[in-house]
Every structure is written in structure tokens, then in C-alpha cells.
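Mind having a look at this structure? Questions to follow.
Chains: A, B, C and D, in written order; residue numbering restarts at 1 for each.
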Amino acid sequence: MLIVLKPGATEEQRHSLVATAEGDGFRVHPVPDTEHRLIVTGERHVPDPAAFIDRPGVADARRITHGYELASREVHPRDSVVRIGSVPVGGPGFVVIGGPCAVESREQTLTVARQVQAAGAHILRGGAFKPRTSPYSFQGLGEAGLKILAEARERTGLPVITEALDVEQMDVVEEYADAIQIGSRNMHNFPLLKRAGRARKPVMLKRGFAATLEEFLMAAEYILAEGNPNVVLCERGIRAFSDFSRNTLDLSVVPAAKALTHLPIVVDPSHAAGRRDLVAPLARAAAAVGADAIMVEVQDDPSGALCDSTQALAPDAFAALVAEVGRVAGSVDRPLLRLEPRTHRRRQGELSDHHDAVIAAQ
Amino acid sequence: MLIVLKPGATEEQRHSLVATAEGDGFRVHPVPDTEHRLIVTGERHVPDPAAFIDRPGVADARRITHGYELASREVHPRDSVVRIGSVPVGGPGFVVIGGPCAVESREQTLTVARQVQAAGAHILRGGAFKPRTSPYSFQGLGEAGLKILAEARERTGLPVITEALDVEQMDVVEEYADAIQIGSRNMHNFPLLKRAGRARKPVMLKRGFAATLEEFLMAAEYILAEGNPNVVLCERGIRAFSDFSRNTLDLSVVPAAKALTHLPIVVDPSHAAGRRDLVAPLARAAAAVGADAIMVEVQDDPSGALCDSTQALAPDAFAALVAEVGRVAGSVDRPLLRLEPRTHRRRQGELSDHHDAVIAAQ
Amino acid sequence: MLIVLKPGATEEQRHSLVATAEGDGFRVHPVPDTEHRLIVTGERHVPDPAAFIDRPGVADARRITHGYELASREVHPRDSVVRIGSVPVGGPGFVVIGGPCAVESREQTLTVARQVQAAGAHILRGGAFKPRTSPYSFQGLGEAGLKILAEARERTGLPVITEALDVEQMDVVEEYADAIQIGSRNMHNFPLLKRAGRARKPVMLKRGFAATLEEFLMAAEYILAEGNPNVVLCERGIRAFSDFSRNTLDLSVVPAAKALTHLPIVVDPSHAAGRRDLVAPLARAAAAVGADAIMVEVQDDPSGALCDSTQALAPDAFAALVAEVGRVAGSVDRPLLRLEPRTHRRRQGELSDHHDAVIAAQ
Amino acid sequence: MLIVLKPGATEEQRHSLVATAEGDGFRVHPVPDTEHRLIVTGERHVPDPAAFIDRPGVADARRITHGYELASREVHPRDSVVRIGSVPVGGPGFVVIGGPCAVESREQTLTVARQVQAAGAHILRGGAFKPRTSPYSFQGLGEAGLKILAEARERTGLPVITEALDVEQMDVVEEYADAIQIGSRNMHNFPLLKRAGRARKPVMLKRGFAATLEEFLMAAEYILAEGNPNVVLCERGIRAFSDFSRNTLDLSVVPAAKALTHLPIVVDPSHAAGRRDLVAPLARAAAAVGADAIMVEVQDDPSGALCDSTQALAPDAFAALVAEVGRVAGSVDRPLLRLEPRTHRRRQGELSDHHDAVIAAQ
């Protein structure tokens, strides 16, 4: 149920409503960005608007039961902008995230970080904890990998995003990273989603490769319902019968999601395609279809990577991709996010504190 | 098997090779655009290059057995350009095809034809024979519909493309249309493909909604193998589990197909999406991903259409789409196809013969 | 719209209703097996029950618009039994269809026919016209193959079922075969379905590998609506992401279809699995789930077959399968169809006319 | 790498091999059930058989790198039998698991437990922690639910299986349950799999609804590699485009899995179908295809259930299902598991200790 408060509703009226709803066994969620809306939910019973519509301070009360109330545009019509470090995702500038699949060593990571920065990327990605289908594959460097990512941030000024696989890893990932990735295999890991909802950092939630849009939004709702408003969605391909790409990148989900939710949405063409030559065309398409950002795998020496070597781009190919994507993004009035001069100097190595980056063109 | 002839190979040498191959029970297909390549295929036995490599006039002979020899870029490295009427598909200009799902009446068709022309479309689409899931749905006007399309061409100068559902309809469709569409439900209708291979008009082959890329190219090969080199592929969405679009537009197939084949490829976002609001974003994405053309459904009054009313665009929305797609296409160095002044006058109704249209920027 | 006539409705009343409906531009289809029901359909307009409910002789008139009126159990509650030659499919006896993928030669076909007969099969299958993904694969023997099948029937008494790929082949297939197969790639070949609806032989319609149940039933409706009541459905696997079977046999469709339609349903585990070792387990499962028959590929020498060699069973494996399936079918009160002594003698080669076969246990 | 020891290999030789492998940074896993086989795995490097083949006590050393070494039949040819409480899954008797989707109350659970026991079920299922797509749906009773399940076991003698959603819940689930279920949404929750590998109770791993067979077996390998040999697989439907069942039950996976792995496999028709009327036919098919057990949802009053009310069977329908499945299972020489007289008395309420159940017919 959505309760819309009157513009002049008092704190007391508001508290009284919350107390009534909680007294009836319901949960009350304030809608981010506004003092004037409350979501009331119940596990076993659906709250009844009739009990609230005539209360003092209430402008409207109506049933909403699609299961993603806080994520819905119906409740929160304006686009959300989520800041990863100092980089706004979902604002007027198109954002590029790049980096290696896995943090394999300090040298590899710092090298790639400098390369993606030089190519124009805004955020560095890299996996310290890796979800691997086989228990005998490389599982990532763990906390050592996180420290390498933090050093890469220090040297380049790029905020970093990295995956947490489990509730137990969240503390340490939260400590080092600027944003926490929840991978597609964990889109339905509900305890992890709830823990992410209590994190102090933004969360990028990847769509499960067999998830409907409704399931995707409900998974985001798990995070939002715990109090973390900073959720970014990420499309990374669905599983179909394709004989030419690893998964099938479902770009239709971008405008379809935008119609239902205010959350930003990133596209990851690398994991969807699973082959290098499709990445740039799909990245361009992502910009054209209305995504807020792309996330691309980059390797200094793709053929030697410990994971996903068939899809990572070499640094020069990535630089070409950023230029191409920039032209497409510009053609749909969503130019690449431009950083302030101060940031540029930092990108030249003169500055290292990413926290005070100021973003222009926002 | 591919036989590459020496530059100076004589007609006699060539005839002798063909005679040998045919004498052994094989079929010989000249490769379009070149006198110097022959494809030799066998149903029950695979031809052996060793029997040809040392023959006079032969530069190379090698086994190719993927089943789409004539469609393959391996055999025909240059992009093919297919002319529909006077409109080159697969050349440097991006092409827009628009029109109603079905020809419902003369007035409706002429109205929409003028509207899509005014919006900048290059080719008119419209169904006279409709493939309908239910036997009790509107099945199309048949030949009367074809005559209406011909009149629309006469009045606008736009070449027309329309579907043939069966071998028996091919004669009449071939008589009236500038290009013959084979629908996704018929991608594996082999007698129809063979008949299309003997048509004097270009063929646009839509991908079956559960077809792999290899199957798609082999279906095109059926047409090519009968002697018709003018084949255009069309992606229109695959069937997956989506809860928000009718089918899942598989844009990855565009660069993947381009890697394997020289044939042009069109994207149809309307049938894939099945809902109006996704069409423009997907059309932009199609231009960005590297398609040669888009095909979009337009209705003067979408809500009243006898088929597919949820996905057709109103004329003004289509005009906006063409403008947006034009900007995206330009950003990937594939500007919208521009017609010559003479053509423009014709588009104003002063001229009606579309056969002598001259296309600029090619 | 369904019109139910009163038990005592006169011929005159009935004719008057038909005349009214046809005069309004609707089509009238009598429901097979009963004089008391009429289906009225319209392409452009939906007929209105209010105009018929009060007419003399009418017991009920109600709207039915799911698109498979004649196939629906709503209109025809009793199970249909379709006779292929003298073999009833859909009756109390479980039916086994076996034979080679393709008729490759007289000797191969006669040998396999005797083997499947000896193993207990009731119907012989074999392809004379083959739908092949590649134009360069073996396309079947055509009419010569049909003649071989007819000879196999003459010698074994087994009725034969074989595929027609196109309207043009229907005449000759109808002449030689006891039942006409429409393959999954042609499930949406509407002109072929309509032609099959005018055939004098029963039709086995295979589900397209990306067809929903509703589409499957509507495709059957195309045949029924033209006047051929003898339609058998066949599930043969859907296309999904499987890494271990060619397609995914969708056995759930059997009880789901039985709930909606009165038509019999066959399961083809061979094409679904694409590998020999899965065929017998899936055939047993088909019997257990409630199918009316199975269709299995058998080859005298599977490894040498010109098509689908990975899935055909050797004769002894097929015989074991029939015995296993018989036990399972018995356990669900659907024992293998048993032939009369006379038939048994014929199966020993003493008799050859299959037309007078008499089936027991029906 | 698989190392096969000679029959007379000494402990010393064995220790020496393990020391060498571990010294080179590899992990060594003894193969369950045998002292004569070792699996050696490496994350970053693949161990080389040449370094071991000539060592004392070694009969054979060969590379195995499919990623599910311990699960593979290649390494462990005999079928594994996993005991849940006293019930052997994977032995000669077919096993039936039944119970409510969620433990909603003590009364509901005890009632259903008695009903499924009376119907002939061997194991009780019920969810205390529920994975729910929406954060606002009923999430289960938690530990209170586990206590109710333990009481139901005490009263009926049926061992219980229940789901753990997260590493944090494993301790308490392990304490109360006889087997731990890992749900399909968690099939790729690697930390949870690893924790399950250290549990003292058997684990039933449900296939992800977009998981390939290889991924499924690798997920099981995560559990096995941590030292828990008691893993049971469970097929519960894949996500495809079906318009008539919630998911598509993939029965082909049963024989395909049996060819690759020694682990038992259960089929859950309830969650796959999502509708009541398909459950019994699919349960029969599961028995016929070669599954070791079925798991079926039962509710005293299905229409009032807090979750999945459309698919749960009423007790009498479940009893009929067990009888039908018993006949089919018998027809494939896999009769329903029969309990000893003592057990029967306990089933009458005279005995309550399930630990000393003795199972006949094994």
C-alpha cells in the first residue's frame, strides 16, 4: 500500500500513521527522496487503504501489490541517480566501467586500471572473489585482491566495483570497494540481498540469466526494503539456445525496466557475448537503447587471463570502443560523462583522492 | 568444396571442371559476383579436392562443408548489396522500411504509404497474405492487397516488400512486389525457399524464432543455391521466457552474422517487442549494432488495426523514430540513405516511376 | 461461437441457422461426431450469440474465441480415436510407431519394416521427402521412397506414415500413405495445414520446437476447420539451452493438452533426445505420462544411416524398448494395442491386405 | 587428475603421493567408498599424470578435467546410495517425499505429516526458511518451523528434509533436519555449497532453472569436494517459453545424469508444473524415466496455503498418486521402498524413534 501524505502533514501525523501500521503487524518503508510517501507492506496480510485514507495528513492511500513498491516508478517517478564514489550513474552523462574479470596480481590490475582510465573509463571493475562454476577453477585472491583494487583506486582516482559472493564477505568488500556487485548467480540469494540492503555502499545487482523483469525488480526491492536506496541494475544476457554467443543480451529489458522503475541500468556486453568481437557492437547498442552505463572486461593480455579470456578486450580495442560508444551516446543526447579539470589532473597522476572528485555536466 | 580458378583460366578449362564434377553426380554453383570461384556440393558424397587441385586452370580447391557455402564470407569476402527496387540494402546508407502489418484497405494503405514516405522511409512494407496463428483471424486481402501495394508504389515511388506464404503465392507476389518476404514461421519451409531461389526478385528471409545462426544461414543457402543471389536476412526476435516483450530481440546475431556471411541484415523491432514503447529504443540499438536496415510497423490508427495493434507506431511516432535512428546511424558512419533530387521530386508526387530512381551517397 | 442444438432440432431449423450465419459472412463448421453442435467463426467480426440464442431448435449459444474451437474439449468432450490404416490411435490400446528416419533403399526399408513388426510395432514410419537444414544434405527418395513404403506395408500389413513437406507433395503422399506427417518445421505452414485439412487421410501434426500449446492447437484447428477430423498431435521436444539432449522433450504438454483437446497425442523421443541412450527411458516416461503412442526411429545399421544416425535404435534395442514400454503402459491401464489372430497371421507373412485388419481390445 | 592405487599399495606409499601433490600446491580428494583412488586438483595449474604414473603403489594416473571429478561415474562407477534418516535414496526401492511447501503452523504440519505417511511417503518435506521472490511475501517460520518439523518426525517416524537459504542458517537446519535442501535459486551460491560440503547431513541439491547438466554436476562437486559424499540431485523444471506449466520439467536429464554421475536423482514435479493436475502424470513419468525418488507438495487445504497453493495436492489426491507411481515404479523393476513391520508399527504411532528404522528390500 502506498500512502501519500498531504504537503502540510505534520511529523506527529506521520508518526501516528507509522505507529498504527506497525501496531497492525505491517512494515513501513519511507520512499527515498521524499518525506511525503510511505510504503506499507505485510507478509501474511495485505494492508487495507480504507483504514488509512481518512486519517489526518493523508492525501491518498492505495493498494500496490506488485512486490517492487520501492523500486517502482509509480511510487518514485523521477530517475534515481546513484553515486559510485564520485561518479553519478543514471544522470545525464553516460558512464563506462572497465577492468579485468579477476584481480590476478597487483601488476596486472594496476596496469589495466591505468589503461582503462586512459581510455576514458569512469569506474574500475575487477573480481577479488570469483563465482566459478567448477570448484577447481581459480577462485580469486580474496582480501588481497581487494587491497590491490584499493591501491588501483588510489593511483588512478577511479572508484572501484567488485563482487561479494556471500554475507560473510560483505564486511570486507564494503570496506574496500566503492560499490558492491551482486552477480547474476546470486540474484536470488535473498540473505545476501538483505545484507546488501544494510550496506553503506551502492549495490550493482546483475540480472539472473533466467530472471524475468518482475523477478529482477523484486530482487532489487529486497535491497531497497532494508534501507539502501542506492541500487543499480545490470543486464548481462539471458540463457537461450544461441549457437554464437554465450548468452543472449536482452537489450529490450532496458526500456522495459525504465518504464517500471526509477533505478539506473547498466549493460554488460562482455559476459553476455562471451566472445571479443561482439563486445563493441553490443556496447554501442546499449548506449543507443537507453542504458545508463556499460561494463566491459579489459585485459592487458587477454589470452593469458585466468578467467573468461575469450571475451576480454585488449586496451587499444577498449579505447576504440569508448570512442565509438561516446559518439553513439552523444547521438541520443547522453554524452559520455565528463570529469572536471581537477579530475583530469588527477587522471594524469597529480591527484589521488577520489573522494573529492567533482563531476561536471551533471 | 570451393574451387578457386586461376586469373587466366579459360572458359574451356572451366567447362571441363564443371563437366567432371557433374559427371560425378555433384552440383556446381558459380559464386555470385565472380567468375573465378565455383562451389561443388554433393548430397550423398562429399566432393574431394584432391581430384581437382591439379587440374588446369585451378588455383586452389578446398573442402568447405558448413552447409552455407554460398552465403559464407569465406567464399565471398565482400559485403553484398541487394537492391530492392532502386534502394540498395547493405551499402553505405542505412535503410528504413515502414508500413502497416496488413494491407486492410486501399485508403489505409495509401495513407500510411504517404506517411512513411514523408517520415523518410525508403521502402514500404505491408502484408497481403498474412500468416495467422488462428484459422479464424483475418488472413489478408490476397491479390487485391498486392494491387493496392502496387498503387501505393506508383504514388509514392517507394518500392514494396510483402510476404509470400506458399509456393502457390509466389508467382503473384513476384509480379507485384519489389521484394518477397519469407516469414519466420516459414524459415524452414524448404520448398518455399527453393521457389524463392528461382524468383526474379530479391528475398528477405526472416529468422525463425527458435533458429540458430547456422540454421538461418543454411536456410538462406537454399535460396542462393537455386540461383537467386539477392537475399537479405532479417532478425525479428527469438522465443525465450520474457515477461515484458513478446519475443527477445537478439541483436547479437547482427555482428555474429556479419562475421560469417556477406548478406545484408535487417532488424524488425516491432514484431520482437510486441509493444509500441520498445520499438524506437530497439530501432536505435539496431542501427548502433551494425544492422543494414530496420523494418517498422506503422498504422494510421494503431488501435483499430486488424492485426498486431499493440506494436504499430502512429505516423508521428514513426517520424520521430526515423530522426532518432538517423542520428544514431550517423554516429556509426552509416547515415540514412539519401535519395537524389529527382527522387525527392518524385516523393512530392511529381514522378511515379520508381525504377529509375538514382541513389546518392552510395 | 458454439451453437448447441436441441435434441429434437429439425434439419430445417439447422439449415436456417447455417443460412443466417453464412448470410452474415460467417463460416459454419459442424462439430465432428455429433449432429447437435455447430461452430460459427468470423475473420473480421466475432459472431454474437444473442442473435442465435432464441432461434428455434437452439438449446444454447455461447461465445468461444480461443481460436481452437473444433480441437477443444469444451466443444467435443470425448476423446477422439483416429484410425491410421486399421490401427486406432487414442483408444484403450497404446500404439507404437517405428521405422527409419529416411527411406534410403528398398532393402533397408523392407528389412527395418520386418524388424519393427517383429518387435511389436503397430505402424511403420519412414521419410520419403526429408526436411533438411542444409540444402546439400540428402533430401529423400521422393515418390520412389513412397513406393517402397507401400511395398513394406504390403509385406508386413503395417500401415505407413510419412511426411509431406509442401502442398505440391500432398497428392502423392496421400495416394501412398495411411497417414500424413506434418513436421515441426511446418507447424506454421498454413497453406500446408489447409491442404491437409482437405486430405482423405489422417494427419499427424508435430509441435513446432518453439510453439506454445495454444499455437499447437490452433495449428491443428487449421486442419480441422477444413473438414478433416482425423488429426493426431505429436510432441517432439522444444528448443531450450540443454547441453545433453538435442531438444528438451516437454512431457508436461501431454496432460496439459489432454485437458484442452480431445485429439490423441503421440510422443517422439528420438528427435527430442538426439542420442540413442535416452530414447528408451523417455519412451517409458511418455507411456507413463499419458501419451497415446510413441514414435521411435529404428535403423538396421544406425551408424551407416544417411540422417540422424546418433539417435536411431538398432532392432534389438527397439524390441527391448517395446517390451519395457509395454510393461509401463500396462501399469497405467493402457496396455499395448493387441492385434487379432488374423492380424497375427498376416504379420507372419500369410496375409498382406492391411485394410481388413481387425483390432481387438478396442 | 585421477590416481588409481595398486590393490597392495601401502599407507606409506599413499601418504607419500598425497604429500607430493600437496607440496606442489594441489588439493587431494579421496574418492568416497574406496581407498584406492585419489583425485588431485589444482586451481591455477592442472596436475600432470606423468609426475605420478611411475611412483610406487600407483596403478594408473590420468587427466580428468571436466570439473566434476568426484561426482563422475568415470571415477566412481557404482551408484551411490544416500541415506536420509534411515531411508536409502538411490537403492532398489523407489522413494516418495511429500509434505507442505511451507511449515505454516504446528497443526497444519502435523496433520499433513500424518497424511503423507498414511499415503505411503517415506520422507517428509517442509520449508521453514522460504526463498520468496518478493520481499513482502511470507518468509517462513524459521527455527520455530524447524522445531515443528522435528516434532512431526518424532510422531511419524518420517525423516525430514528442509531448505537452508544461507550459510548462517546451516547450523540450525543441520541440527533439526535429516537432510538439507539447497534450492534451485541457490545452485550457484558457492559459499553455501561449500558449507553444505562440511555438513554432517545429506544434501539435496536442486538444479537451477537455467542450469546445464555440466553446471549442475559442478555444483554438486562443490559439496563433494569439501568432504560430504551424501549428495542427492533434484530436477525441478527449467525455464522455457511454456504457456501451460510454470517451468518445463526436463525428464531427459535423469538418464543423461545417470550416464555421467553416480549420485541419486529426485524429481520434483510440483514446482515444475505449478498446477495441480499435471503433478500425478509427471510423477508417474519420473518413475518410468529412471528417477530414484519424487518429491511432491501436499496441503491439507491447498487453497488456503500461504505459498504455491496452485500446485499442492490434497491428501487423497496424493494417496492416489503414490498408488499410481507405485505401479509404474514396479513396472520398471523399481518397486516402492517397503518398510519393515517394526516400522509399520511405528507408523501406527506405537514407536517414535526413527533412527532404528530398518529397511527391507534393500
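Observations on the model:
We take it that contacts are C-beta pairs under 8 Å (C-beta built on N, C-alpha and C of every residue); 3 or more make two chains touch, one makes a residue touch a chain.
Quantities reported herein were computed from a predicted structural model and do not represent experimental measurements.
Shared contact partners of chain B and chain D, listed by label, are A, C.
For chain pairs A-C and A-B, the one joined by more C-beta pairs in contact is A-B. Remark: chain A and chain B have CA centroids separated by 39 Å (rounded to whole angstrom). Our note on geometry: chain A versus chain C, Cα centroid distance of 51 Å, whole angstroms. The distance from the centre of chain A to the centre of chain D, with each centre set as the mean of the Cα atoms, comes to 35 Å.
In chain C, the residues touching two or more other chains are 210, 214, 238-241. Residues 27, 41-44, 67-69, 131-139, 165-169, 185-186, 188-192, 194, 208-210, 214-215, 218-219, 221-222, 225, 238-239, 306 of chain B are the ones touching chain C in the complex. Listed in rising order, the residues of chain C touching chain A in the complex are 239-241.
The touching residues of chain D, when paired with chain C in their complex, are 210, 212-214, 238, 240-245, 248-256, 259, 272-273, 277-278, 281-282, 284-290, 324, 327-328, 330-332.
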